[in-house]
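You will see two complexes here that share subunit A, one where it goes with subunit B and one where it goes with subunit C.
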Partner chain A sequence: MTTPLLSVEDLRVSFSTRRGTVEALRGVSLALPAGGVLGLVGESGSGKSVTSLAVMGLLDRAGRVTGGRIRFDGRDITRAGPRELRGLRGAEISMVFQNPRAALNPIRRVGEQIAEVLRAHRPLTGAEARKQAVELLEAVRIRDAARRAQAFPHELSGGMCQRIVIAMAMACAPRLILADEPTTGLDVTTQKAVMDLLATLTRERGMAMLLVTHDLGLAAQYCDQVAVMEQGRIVESAPPAALFGTPRHAYTARLVAACPRRDSTIASLTPEAPPRPAAAPRKAPAPGTSPPGTPLLLEVQNLAKRYPDGTVAVDDVSFTLQPGESLGLVGESGSGKSTVSRLVTRLLDPSGGRILFEGGDIGGIPARDFHRAPQRRGVQIVFQDAGESLNPRFTAFDSIADPLRTLDGLRDGAALQRKVEDCAEDVGLPRALLDRFPHQLSGGQRARVGIARALAIEPRLLVLDEPTAALDVSVQAVVLQLLDRLRRERGLGYLFVSHDLNVVRMLCERVIVLRQGRIVEQGESTRLLHAPAEAYTAELVAAIPHFDPSAAPQAAVACS
Partner chain B sequence: MQVLRRAALRVGGRLLSSVPAVLGVVVLTFLVMRVLPGDPAVYFAGGPSAGQEQIDALRVQMGLDKPLPVQLLTYLRDIARGDLGRSLTTGQPVVVDIAQRLPASLELTLTALLLALLAALPLGILAALRPGSAVDHLVRFLCTMGVCMPTFVSGLLLVYVFYYLLGWAPDPTGRIDVFAASPPEITGFLLVDFALVGDGEGWRAAAAQLILPSCTMALFVLAPLARMTRASMLAVLGGDFIRTARAMGLPGWRVILVHALRNALLPVITITGIVFSTMLGANVLVEKVFSWPGVASYALDALQASDYAPVQGFVLLMASIFVLVNLVIDLLYGLADPRAAG
Partner chain C sequence: MSAATSGLPPLLRHAGWVLRGNPVTALAMLGTALLVLLALLAPWLVPYDPIASNVRMAMQPPSAAHWFGTDQLGRDILSRLLMGARLDLAIAASAVGLSFVVGAVVGAFCGYQGGWLDRAVGRGVDVLMAFPLFVLAMAMVAALGNRVENIVYATAIINLPFYIRFARTEVAVRRQAGWVEAARAAGHGRAGVVLGFLLPNILPNIAVQISLNLGWAILNAAGLSFLGLGITAPTPEWGIMVAEGARFITAGQWWLVAFPGLALMLAVLCFNLLGDGLRDILDPRMRT
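Entry: the complex of A and B
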């Protein structure tokens, strides 16, 4: 066997924090041959990003390599000095980051930024570098490259910014590209375009790629070897077909199960949980089963939201929701799905159309007066980022008690205490955690606080705006199960906003696909996902990176 | 062309929208001056011992016998004509007085601001590059000292050390040595005027007079500038695009100066504007300590003499400068940050 391009042997990295030293990597070994694609998957905190940063020598001040070796092309670069690193970075090893817009300097033109990388490693004049920068922009399929080179990052879309970062990374034809969550936060169709581009370019130019991602589907589709990380260790490494088809390690099995797939159900997300008998009659409160005469829980007619600057966020959207029904709202960023959720919860004023809640028009009540309306108690919302949407100065108890205090007028005392504890118990939040502040809770615990807060005053309609988007898959699995159970127990109606079609399919009976503020397609969720009627829906479905254990070998072949 | 037109429109809009604020300041000062104890007519008649007739005559001459609203209207009409009234202490029109003294204040303030920036930026950058290190603590100490020492104390200390003990600095009185020849008045800024006529010796003498007072003022505003630079640099250095720049193998100085500093300067620009406006009004102590013939000491003297016109003129001047400085900062910000220009 020839020497691998990159080999990491028993790498140990620790961070000194206020609470002592934290070991981030506890002996990571991996090898990446020239031209190969290695996927590094794992959940947050598993050390996958730390591994890639350690290779680049980009650990922040608190981080330190305490043991092991990093070899690039046979050369030990574990403790390379600044001069040596500067020669390597960009020229031999390059990196593509998460959140491309932030990864670019906001006040410099993108063309300049690419030219700067070129000039840092090659003796070029400014004009030559600028010309090559435009060529690179063309290589990453940016139309009208010469004009785009003059743009600032904020004038470009997220996908476009990522192409520019890729162009920077490719500029000096490095032999290794480290891609750290390169498509997290991008829409699925953009993600597909960016990943295809990255895969094609690295293959054409014979570059090796280390793809760090939390998305198993992405790793399965684009890598020829995948390593699974957990708590600073690599627990398993194998070609994707074998890894996802027959995981040998218990953690891999758990991770694979927790990943929503085309055929997974809410119950199958956690393998160790006993199969829920209640999972089958999920459709008990299906549309039409409520006794005749019951008013619709929610009826939206020709809803529209236009902003003074002419942007149309929502245009002529109509749908209905039965009591106890769960309706999914999917679409890419800018499709208006979050705007719809904010209009329904009356945080925004619509510019047209009607919103009927249990037969009563709530669309006419101005947003700033809605908190006094009697219907306010019936509608609650769970926000995307549980960490950002909790008051950092409120304990979990205060957050859950807040709606009880303001909407139910409960005073501090035994009744409030009991009510909050009941709510916490319902969402599986241990009572001992109620005194903690948001920053002392894990992502999953924060999500539970957010859900408990929404449920505290027993609403009939719960609007969920991407409640699991910021969570790891295993946590997402548990939260989804929780949401499903709560809905069945309480007969809640859900308006579930998500960009993840698989999640929506599991949780919702019906789905609405939005695009640019308009409804593209709506229908029964399983049908919509398996036999979409509209081309756009089909495109969305096709863009989801998936790994069906049976289909995985094909995917691996396709990308090698 | 389009850009220029947009900028012009913005400037016009900003100036127009600041008119109410300036007007409010003018009216308020006018009223406050009338409420303050002390009767200018009595003061200028030569004290309470002067005859009542004499005082009354003066009062009529100054228009103080008319009701307040009429006085205010008269005052506003005069302002609109560019007439700020006449100072009773100097006997000259306020406009002339201010025109004579403003360059002195501006020269002092601008020099002090330049010195402060020259010191604060490197100090802030150094502190941000090594947070928690000895350099960082030293900068923090310097800043704290600069802020907590009143300017008249630090000014006197500097005079004591550099004039009295070491004899390096010239006699700390005024802008120029009493026996030296003044340059022809071109801009009113001595350094510029000397440079224009090519008088090297005079320039050095004027600079020597300027150095202590401007250092005193610079010390005072070092803290906000250096602390802001440090905080802003720290925030930017933690940013993703700095990591990108490092990951692409750009030289270290380029990462810090081109990528980090240019972004970090944005909040510093805002603070500089605020600091400049405060300095211009608050340098009265420095002007007093160094017998600097500036507008602030002029206004203070007038205030003590219940001389309405110069005080009102001074406040109007300050308000206008504040508006102008904010406008300039706004335009600078638009140049420095393409996101703000839109």
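Entry: the complex of A and C
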């Protein structure tokens, strides 16, 4: 066996924090052959990013390599000095970061930025470097490269910026590319295009790639070896087909199960669904079977939102929602899905159309006065980023108690205490956590606080704006199960907004696909996923990275 | 964390942690506390009547009987300093308190609502800022009359623009935050969101401004009386003491001006150093 291009042996990294030393890596070993693609997957805090940063010598000041070895091409670079690292970075190893906009200098033309990387490592004249920069832009499939080289980052889309970052990373033909969540934050269709490009280019140029990602589907599709990390250790490493087909480690099995596939159901996301003595269902009408004569829970007619600068966020959107029904709203960024959720929740004023809630027109009430409307308690919302949607100065208790205080007029005391504790229990939030501040809670716990807050005053319609987008897959699985159970127990109507068709499908009977503020297609969710009528929907479905047991070997072959 | 401190409430424990990491803040806090305590207890601490003159004892240098010496009318400088601290701190605190309350609330509403209110207040603040602020304060006191309240109002008004602008920007960046939308969904109206959610969240950052401002306000009050506006002799006040003492410094009687000047400097220094540490203490996100 030849020496691998990159080998990491028993790497240990510690961070000194206020609470003493924290071990981020506890003996990580991995080997990446020249031209290979290794996926490093794990949930937040597993140490996958720390590993790639340590290889690059980019640990921040609090972090320190306390043991082990990193070898690149046989050379020990564990404690390489700044001079040695400068020679390596860009020329031999380069990095593609998560947020392409943050990785580019906003006040310089992108062509110049690429040329700068070239000139840092090669003796080139300005004109030569500029010419090569344009060639690189062509290589990353940017159309009209000569003109785009003159653009500033803010003039380009997110996907385009990531292509530029990739062009910079490849400028000096490095032998290893570290891609740390290269497509997180990009739309699925863009993600597919960027990943396809990265895979093709690395293969064509014989570069090795270390792909750090939280998305198992993505790793399965693009890597020939996948290592799973948990708490600073690699628990399992295998080719994707074996790893996803027959995971050996319990954590891998849990992770694989939690990752939604095309045939997953809410229940199959966790190996054993937690048997929970469900409270007697208060009212549980089967979705869509309300007695005739019951008004629709929500009816949206020709909804439109135009901004004074001429942007049209939402254009002529109409849909209905029965009591107890769950409707998905899917779209990529800029599709207007979040705008619709805020219009329906009456946090934003529509420019046209009607919003009828239980037969009453609520669209006409100005958003700034809606807090006094009786329907305020009927429509509640769960926000995308639970951390960002909780008041940093409120404890979990205060956050959940807040709507009870304002809308139910409850005063501090035993009644409020009991009610908040009931809500916390309903969403599975331990009582002991109620006096913690948001930053002292984990992502999943914050999501529960956000859900408990929205449910506290017992709304009939719950708008869920990407409630799991910021969560790890295993936490997402639990939160989805929780949402599903709550809906069944309480007969709630859900308007579930998400970019992930696959997640929406599991929770919703019907789905609406939005694009640029307009409805592209709507229909029953399984039908939409398996037999989309519109080309755009089909494209969305195809772009979702997933591991089909049957398809995985082919993907592996395609990558190797 | 040791067992001795774990029983304390989180805020105190957190304050202890911040102060251990910032000895300068701890020192500034100690100095400020001492200053406030001395000012509060001044009527009981002073060894002599700060106003009664005693010409026989005029111009005594520092001694065991008069630690900081006596002035041209034979009044004990230490006693006058302590009583002056009372007045100067009270003026500074009420002026800053006034401009903080008014400025933060107005600025926060401007930042949250935007539109005509924001534009009107913004222009008003621009006009106010266009004047040399100290001259503006002098003009106000001169026009309104030499009274303590008028010094407070003048100082408050010249500080107002900073609070309005600061609160406005701090609120404007948080206006679209998820927790603000959540508050609206929970049934809070505009006033509820601004006063109950946004203001408490910008408080740690404003605390820095407050503490810096206290320093300026003391200088401002002392400066006005130094120029003969506002407080008038024989009331003990640091600015007046400096102004009166300055006449004698050429004759070598340094203690008349040195001690009030030093007191002013220390007070301003303490308040300025206090700011940064205060922000860290007040921000719950810094607590773990």
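In the analysis below, the second predicted complex is superposed on the first by the 545 of 560 C-alpha atoms of A that agree within 3 Å, B and C clash if a C-alpha of one lies under 4 Å from a C-alpha of the other, contacts with A are read in each partner's own complex, and residues count from 1 in each chain.
Keep this in mind: contacts are C-beta pairs under 8 Å (C-beta built on N, C-alpha and C of every residue); 3 or more make two chains touch, one makes a residue touch a chain.
As the structure is a prediction and not an experimental result, all values here were calculated from the model.
Student: Let me test your reading of the model: by the given contact rule, A:Leu58 touches which partner, first (subunit B), second (subunit C), both or neither?
Tutor: Touch status of A:Leu58: first partner only.
Student: Would you sort A:Ala139 into first (subunit B), second (subunit C), both or neither based on which partner it touches?
Tutor: A:Ala139: touches no partner chain.
Student: With both complexes superposed on chain A, which partner does A:Ala103 reach: first (subunit B), second (subunit C), both or neither?
Tutor: After superposing on A, A:Ala103 lies in contact with subunit B but is clear of subunit C.
Student: First (subunit B), second (subunit C), both or neither: which does A:Leu461 touch?
Tutor: After superposing on A, A:Leu461 lies clear of both subunit B and subunit C.
Student: Kindly classify A:Ala169 by the partners it touches after superposition: subunit B alone (first), subunit C alone (second), both, or neither?
Tutor: first
Student: In the superposed arrangement, which partner chain does A:Glu116 touch: subunit B (first), subunit C (second), both, or neither?
Tutor: Only subunit B; A:Glu116 stays clear of subunit C.
Student: Touch test for A:Leu88: subunit B only (first), subunit C only (second), both, or neither?
Tutor: Only subunit B is touched by A:Leu88; subunit C is not.
Student: Going by the contact rule set out at the top, does A:Arg18 touch subunit B (first), subunit C (second), both, or neither?
Tutor: Only subunit C; A:Arg18 stays clear of subunit B.
Student: Given the touch rule stated above, what does A:Arg368 touch, subunit B (first), subunit C (second), both, or neither?
Tutor: Only subunit C; A:Arg368 stays clear of subunit B.
Student: If you lay the two complexes on top of each other, which residues of subunit A touch subunit B in one and subunit C in the other?
Tutor: None.
Student: State the interface residues of subunit A toward subunit C in the complex, per the touch definition above.
Tutor: Those in contact with subunit C are residues 18-19, 342, 345, 347, 367-372, 376-377, 380-381, 383-385, 388-393, 402-403, 406-407, 437, 439-440, 450, 453-454.
Student: Along subunit C, where are the residues that touch subunit A in the complex?
Tutor: For this pair, the touching residues of subunit C are 17, 177-179, 181-190, 192, 197, 200-201, 284-285, 287-288.
Student: Which of the residues in subunit B come into contact with subunit A in the complex?
Tutor: 239-241, 243-252, 254, 258-259, 262-263, 336-339
Student: Okay, in this complex, where on subunit A does subunit B touch?
Tutor: For this pair, the touching residues of subunit A are 56, 58, 82, 85-91, 94-95, 97, 99, 102-108, 116-117, 120-121, 152, 154, 165, 168-169, 171.
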